[in-house]
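To keep things simple, chains are lettered A, B, C and D as they appear, and every chain counts its residues starting from 1.
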Amino acid sequence: MRALVIDRSVPVGLRIGEVAEPEPAPHQALIRVTATSLNHGEIQFARAEAPQGSVLGWDAAGIVERAAADGSGPPAGTPVVTLGWDGAWAEYRAVDTDLIGTAPRDTDPADLSTLPVAATTALRALHRLGPILGRRILVTGATGGTGRFAVQLARLGGAHVIAATGDPATHTGALRELGAAEVVTGADALDAPVDGAIDLIGGSHLVAAYQRLAEGGTVVAVGHSAGTDETFPFGAFFGDQGRHDRSVTSFFLLGCRDLGPDLSWLAQQVAIGNLRTSIAWQGDWTRVGEAAEALLSRRLHGKAVLELG
Amino acid sequence: MRALVIDRSVPVGLRIGEVAEPEPAPHQALIRVTATSLNHGEIQFARAEAPQGSVLGWDAAGIVERAAADGSGPPAGTPVVTLGWDGAWAEYRAVDTDLIGTAPRDTDPADLSTLPVAATTALRALHRLGPILGRRILVTGATGGTGRFAVQLARLGGAHVIAATGDPATHTGALRELGAAEVVTGADALDAPVDGAIDLIGGSHLVAAYQRLAEGGTVVAVGHSAGTDETFPFGAFFGDQGRHDRSVTSFFLLGCRDLGPDLSWLAQQVAIGNLRTSIAWQGDWTRVGEAAEALLSRRLHGKAVLELG
Amino acid sequence: MRALVIDRSVPVGLRIGEVAEPEPAPHQALIRVTATSLNHGEIQFARAEAPQGSVLGWDAAGIVERAAADGSGPPAGTPVVTLGWDGAWAEYRAVDTDLIGTAPRDTDPADLSTLPVAATTALRALHRLGPILGRRILVTGATGGTGRFAVQLARLGGAHVIAATGDPATHTGALRELGAAEVVTGADALDAPVDGAIDLIGGSHLVAAYQRLAEGGTVVAVGHSAGTDETFPFGAFFGDQGRHDRSVTSFFLLGCRDLGPDLSWLAQQVAIGNLRTSIAWQGDWTRVGEAAEALLSRRLHGKAVLELG
Amino acid sequence: MRALVIDRSVPVGLRIGEVAEPEPAPHQALIRVTATSLNHGEIQFARAEAPQGSVLGWDAAGIVERAAADGSGPPAGTPVVTLGWDGAWAEYRAVDTDLIGTAPRDTDPADLSTLPVAATTALRALHRLGPILGRRILVTGATGGTGRFAVQLARLGGAHVIAATGDPATHTGALRELGAAEVVTGADALDAPVDGAIDLIGGSHLVAAYQRLAEGGTVVAVGHSAGTDETFPFGAFFGDQGRHDRSVTSFFLLGCRDLGPDLSWLAQQVAIGNLRTSIAWQGDWTRVGEAAEALLSRRLHGKAVLELG
């Protein structure tokens, strides 16, 4: 089969080459991939560290080619959305059936391919906050791929959503359309404490979010694009005066269990129009170099999707 | 009645004066105070901010002089250990009955007076960690008043206790006697991750403790004596590679509910010899100036107790 | 002032009489009541047990007549929705400020008066389930006062809501309008497990709901109108085969903290049309006998509201 | 190799026969088994349902014969204690490395073999109760294999342990030696509520334990030997009057994660004398028939251990 193979002799470090088809373990289905979306982490870090000749890729939409031998997961022919550690950038991938969601027929594979890492991360990070119905929830880095899902999902979850973006002049309209009740430049600008926060930037944004938490609130530290230290000023961790039991916690999607049903639910929300994907770049997988460059330039407010075949 | 009254015209800012006896609300008992212990926060901060003529004091042991009008709490004549926002440094204090623990007869009031803030804080901060039986628990600032209780209580709770102190040469023996399985200079010196930590210092100690947490672990930020920023280096909040769901959380004792039964249990543990108090200074309440000075100098590895008449 | 006074010499056990105006404690505001809604528990149980001459009533909407002396809570003139143990069935009530929500001006007091016990119970019982966004949630007794709020709030919280009613032929349309994705006769009729349930009936409904829980799921036992034992067949509490960590838990609204902000949020949802109240009977408070009778007959699918002139 | 093979043509349904050595998956180590302990569930249910010729067995102590191919788990030659779905009743078993605990050298394999299901269940069921230090914890069925571990572990965890047994006259002394502060005939006999309970019997014992829970308390339904319905009388699930947030929850050991470190910790506690095993029957594995009969007769207050080789 063909795949995007790591090749450091070519400029982008990736070329379409011929590799062996993966052999699924008994608890894995074989998926024919139709679209894959790129994530910062893959392009920025994984690409540099992966062995020459390997096949990367976390997110893939496709069709079940061969069901899992152990009987788990969907049957052949089912449209699916899949998550894994690698192997998504190929015509076929083998995936653990508990990392497969089923999709309604006729859902656009490009849309589906944006869900696995970005939307499932947004959903599970929100779940980590506990009940959010009727609560004030802050999302920093709200215009990125994960951020747009977090804003929409927090809104679907009945929260009062406050979206933070460095450029409210440009993005306020779009963020309000996604469900933000307020758009601010950062947690410093809040006029009242929040019950929880999804931080997609890190650095001073994480610290500011923590300092605006109400008693019992949590910041989930999901994204780290700031690339800087987090310095909490003396007193930030005091608990008196309504500041008891405020937490900041780390997050890793593959540290969560039972993601399959969530992938199915997210696919369904896309199909019925409850959840909008944000594809900022879309093209044939032969144009991976362009896509990677756009992603790294941080020009993209949304996801980059490669289509196969 | 007599009380230690805030008076900024005298050197220590406190003098014994005559004030009106407190009038208990219906849900408060009137306590005749026999001993009170001093806490850093009271001496260092509260003393400076309190109005002239007011009566401070969180911790008091004594005898119920008059039971609460609403029928709650122990009857007159009961030996008790009490916690409150103020009023402990007086011959009589009015206390909410849900902040009163009963004590076995013949328990030394000086010992009891050390429990309210320090031991209850240690107990509730440990509870905030979730189950600790069979888990590795770090206590930083282990030689202070709260630290000694935290080490002992974590040991009573079946944890593998690692006590951190800046001066292991001096304190290792004593900390091992209190139940520490290991004594280290700080979290940096740990040879394996911990499942939870009680941080009594803050600053770099808090950061180091966080960085040694196992997945799912928590640092409770209880003490802040370092008086400095907390700077987490880039990457500290990453969740991959076994670092998912690691939290740091703020703590405030009076943000907790139902402290009365805990005070009773702690008093009982002292009475039966399961829990050792650490009185580093003890004297008549007329010597409050000496006690305050000793406390502020940080020479004390334990509590300072004032005895009343 | 006038109030509905317990008087067992009259048929309904309640008459409008003259009583002393309540004297608010420092942390209480005095409220001029404009509407009150009746709850089953008040009419069925509390009425029988209350002392002759006392004033009952949990739910009241009104206007702040005099703000709390301690400075907490809203200022005089604010439209409010209030919750308390008693005193709502009177021209004036004294209420703890942490049990007061503020309401947008021009919100109908009759609507607001239906919120305190019923909607806040629904909200907090849902919160007890943890994250519900994208989860399958069952509501039994869905057509009652609390049930209708539970269905709507679960929907606002992004759940897939399954409403159970004994008479789907009559109620399916209305329940779907409130947000139910499915309407069933009971948990036995479910085609897949649920992640959580709000049980408003008890007895066999509670047991059936428990037996349809997915691993990690919870049934909150809120209502007990069945008036019968709960018999779990042998094996119901087994944990193997995907049945690990399924819980049933008891619930009591006044066991929850910080209800004030929830009351404000609920009032706002009513004002903006996100939450529909269900007033099945409405009339002047002089007609309390009629209202009580309607409520006890279980003819009402919604709340009974008394208006004060 | 030799194994205890299911053979329904012989009286006890088990005979020593020759079978193929298991082939470990990459994440499995091959263990040479030296001792295995029997559990009720294996003898009573699994034996009846297993295919002819299969090899059962959950608990085994032994020595690593061949380390896992993926590099996880202990090296060859390490004494270990292992847990699995089957295969323990054989000279060699293949075990997932995350279900292997390491044991100190010179620990008796018979003792170790009693830990996997019984002690790990007791530990994890206690963990499900949250913090237990200073809390009142009830253990029903305290004299059985799991019960004796639960009593000891709750005591190691700093709880006030109340052990329930149908025959206190016989067992009070032994249970107190294991750490019970009180021995009762059942939850009905308690003089105060408990904060949590481990129920190892089910039926009316489970119900009685639930009814004695304090607010916020949990009963973990671990054992089901009563074999009867659980009937909760009307009102048992009420939440008022201090009965808010009381839960009963199901439990399944293999629904828990990360059991390996717990197995190691338990083995260490046995080695240092903190945890006593209770071997009520011990003999060569050729005498499996005797052991099974003793177990089923419920004459055993402790575990039955088969020794190999």
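The criterion applied here is as follows: a contact is a pair of C-beta atoms (placed from the backbone, for glycine too) under 8 Å apart; a residue touches a chain by one contact, two chains touch by 3 or more.
This structure is a prediction, so every number in the text was calculated from the model and none was measured.
Separation of subunit A from subunit C in touch steps, taking the shortest path, is 1.
Interface note: subunit C and subunit D, two copies of one sequence, contact each other through mostly matching residue numbers (shared numbers exceed half of all numbers used). It takes 180 degrees of rotation, in steps of 5, to superpose the Cα atoms of subunit B onto those of subunit C. Mean C-alpha position of subunit B lies 38 Å from that of subunit D.
The centroid of the Cα atoms in subunit C and the matching centroid in subunit D are 43 Å apart. Counting partners per residue, subunit A has no residue that reaches two or more other chains.
Working note: touching chain pairs come out as A-B, A-C, B-D, C-D. Within the complex formed with subunit B, the subunit A residues making contact are 128, 202-203, 206, 215, 218, 221, 224, 227-240, 243-252, 254-256. For subunit D in complex with subunit B, the touching residues are 123, 126-127, 129-134, 153, 156-158, 262, 265-266, 269.
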